[in-house]
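Attaching a single structure in structure tokens format; questions to follow.
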Amino acid sequence: MKDVLIFSEEVAQAKAEQKPIVALESTIISHGMPYPENVQTAKDVEQIIRDRGAVPATIAILNGKIKIGLTEEELEQLGTSRDVEKVSRRDLPYVVAMKKHGATTVAATMICAQMAGIRVFATGGIGGVHRGAEQTMDISADLQELARTNVAVVCAGAKSILDLGLTLEYLETHGVPVIGHQTDVLPAFYSRTSPFHVDYRLDSAADIARFIETKWALGLQGGIVVANPVPEEDELEESYITAIIEQALAEAEQQHITGKAVTPFLLDRVKTLTGGKSLQANIALVKNNAALAADLARELS
Amino acid sequence: MKDVLIFSEEVAQAKAEQKPIVALESTIISHGMPYPENVQTAKDVEQIIRDRGAVPATIAILNGKIKIGLTEEELEQLGTSRDVEKVSRRDLPYVVAMKKHGATTVAATMICAQMAGIRVFATGGIGGVHRGAEQTMDISADLQELARTNVAVVCAGAKSILDLGLTLEYLETHGVPVIGHQTDVLPAFYSRTSPFHVDYRLDSAADIARFIETKWALGLQGGIVVANPVPEEDELEESYITAIIEQALAEAEQQHITGKAVTPFLLDRVKTLTGGKSLQANIALVKNNAALAADLARELS
Amino acid sequence: MKDVLIFSEEVAQAKAEQKPIVALESTIISHGMPYPENVQTAKDVEQIIRDRGAVPATIAILNGKIKIGLTEEELEQLGTSRDVEKVSRRDLPYVVAMKKHGATTVAATMICAQMAGIRVFATGGIGGVHRGAEQTMDISADLQELARTNVAVVCAGAKSILDLGLTLEYLETHGVPVIGHQTDVLPAFYSRTSPFHVDYRLDSAADIARFIETKWALGLQGGIVVANPVPEEDELEESYITAIIEQALAEAEQQHITGKAVTPFLLDRVKTLTGGKSLQANIALVKNNAALAADLARELS
């Protein structure tokens, strides 16, 4: 399988020189944002990582090859192509075996990062336990991946369309630490706050690195959630976004939207009801996470 | 523990010659069918595998020894004996340590197959998330086994007395792929259809083998569900069997049957209400799965 | 990380001489009992283990070092200090990295015992699935630890403020065996009985050792629950303690106590409503478990 994992020139060189590397996911490019904002944001995020002294490794599957680091042409291809599968753990063998294109979720990016020997990964938000999962058992595979794969995930928390309280319970049961970067409370993606506490607040990349190194040195398998609040100037306030989500939930009920259709409906309504503000916040928080991840990767090397 | 794992002559020779091998479980013999249909079916299923160019390895525990491949006498013993424990992961140490007889469930058969270096296993249906498990947490250990043990399980889906939707959610969370063989929808044991989609449809043993080899070559631990619909001529139609299950559920409620007693009650009512038809379908689908498993084992070797 | 794991002189010598060793947790000292009963009980428990021919290894984190075996001064420090964190799997890297003090729960004690090469651990009761977890997903990390870490946990079952039925379902799904020592039913901490059956009753330390050795020899990863009922003379009878818990639950509802506040409230009410009797039972059952664990450690070596 060595021939399935293809490093870009930039990442291969970084590995050879033992430079700090930050993994980036690709569903945000193919499924998370419209073109051309998606490709532009991907490039901007990569540049932020370079500017902080680390090397970005955007991860995707192209023609069945797991690419660790994408060229500009490959970024463009991913950002415009229509036949890109969203790839989680269960899907990875399919896109590789059938030589398809795939954009990696948090779970699959963690897997590929670990294969490539990369320990830090920046994303927007992790998946979690969905609202109503007490009945539907709809729980993102990201959480099981965090329980077993040794990658630190820098994110702005989880989207508040999820059930954040249940997500924290699930992570606790599975022994996954949730670190707050300069925050005592779990950020909720668009907003800096939520009603929930993180496990530990750590205020510097150095302290977070020390935590992570200790975890793995002790042989404690699995990931770490590094929750990094969206910058203040880009935040959609907790009360504002909560009201919008509650409205969206009410609409879903009125329109009898159930099952698998609920999450896309909610995400779409949030986008519409916030105007362009949610996209702007999303871009800002991804950049903010990339910067912290670069600092963290430097501290870890 | 080498001395606990006993290969039959036929299987030992197949291993020495690197021939394709298909594991078979034994609860279907001891607990799943009446005598003598159980022993006859077991022999027929083994012969189908031989006729397709692979070697059958029926797995059971006899006097504390894990038998990989049973002689005719051992099949007979298992099919008629009353003191055979039903063995899942948690029970395996007990029957081995206490030198008991045991028939292996899907979970335990996967474990023993992996110990024996066998990668393909044919069964009737896997266990799953039980109806009402949102309240009872009654979830078969088969699903956790699929999450961690590297064996491909060829089955006709899961019995529809289970909650198929929740079963799929649980497998998704744990990254277990569900492949449909020549079907887009999850078969429901007695019927070829259910309201649920498989993750991927693959139409040949060669394609399924490619998927499986890729999964394990990527280091993605765990099993694969290969869902193979019951042959058309033996099917009990979805609407027919659904109505029977709903009747059985209503009867369980009327008779205040709760907890552990529900599943045996439902299975018994289904058997009675379908007349001999459910047994006939069961036998047909097991044979059908054995044939596909043999093809798959050949492709994998 | 070798320098993080510090063996006491007594335990180091026991390891060198391959003597049987029993791990003990420390939350019972720091969070489970008032001073000075906590320190006195810890010493008594250690002595019981020595008197049965094994060596006690109380486990705690002091100044970021994982101590395997505590001196008298360290026991005293742990029993009187106010700044001792309660440490489960997710917390372990924090207290080690930040050089804090920590008392280990069942989960963390299992982890540290495995690191130290100790296979038997005596405690009061394991954590489990909380009442109402169908809604709250509040499930102790102890259960996942039992699913993966190779340590036998001798306990008096789980406290009946938990949902014992759901706890057993969860353990079954994850393949964790629950052995009853001289009992067919799961003991419920203060009482010798509960409405639930154990998986297997084994009546001697030798038989339990045989079970455990077989499990691990078969390569079946994970722990074993050895459920050992509180001695008859110290038991609070099932009907008595059940009535008290039901009263406490009713009070919690009347006083609108919800979420994380419920468990401490219930434990506190049980303590008050049973007078000193629950503390006395707690001490008796821990001693009783230590004795069985010593016997088991002797049999396993």
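A few remarks follow.
Which chain is which? They are A, B and C, in the order written, and residues in each are numbered from 1.
The working rule: a contact is a pair of C-beta atoms (placed from the backbone, for glycine too) under 8 Å apart; a residue touches a chain by one contact, two chains touch by 3 or more.
For clarity, every value in this text was computed on a predicted model and none was experimentally measured.
Taken as a graph of touching chains, this assembly is complete, with every chain in contact with every other. Taking shared numbers over all numbers used, the subunit B to subunit C interface scores under half, which places it in the different class. Bringing subunit A onto subunit B by least-squares fit of CA atoms involves turning it by 120°, to the nearest 5. With each centre defined as the average position of its C-alpha atoms, the distance from subunit B to subunit C rounds to 37 Å.
Residue positions of subunit B touching 2 or more other chains: 134.
On subunit C, the positions that touch subunit B within their shared complex are 129, 134, 147, 166, 169-178, 199-200, 207, 210-215, 217-220. If you check the complex, the residues on subunit C that touch subunit A are 1, 4, 88-94, 96-98, 107, 111, 115, 134-141, 143-145.
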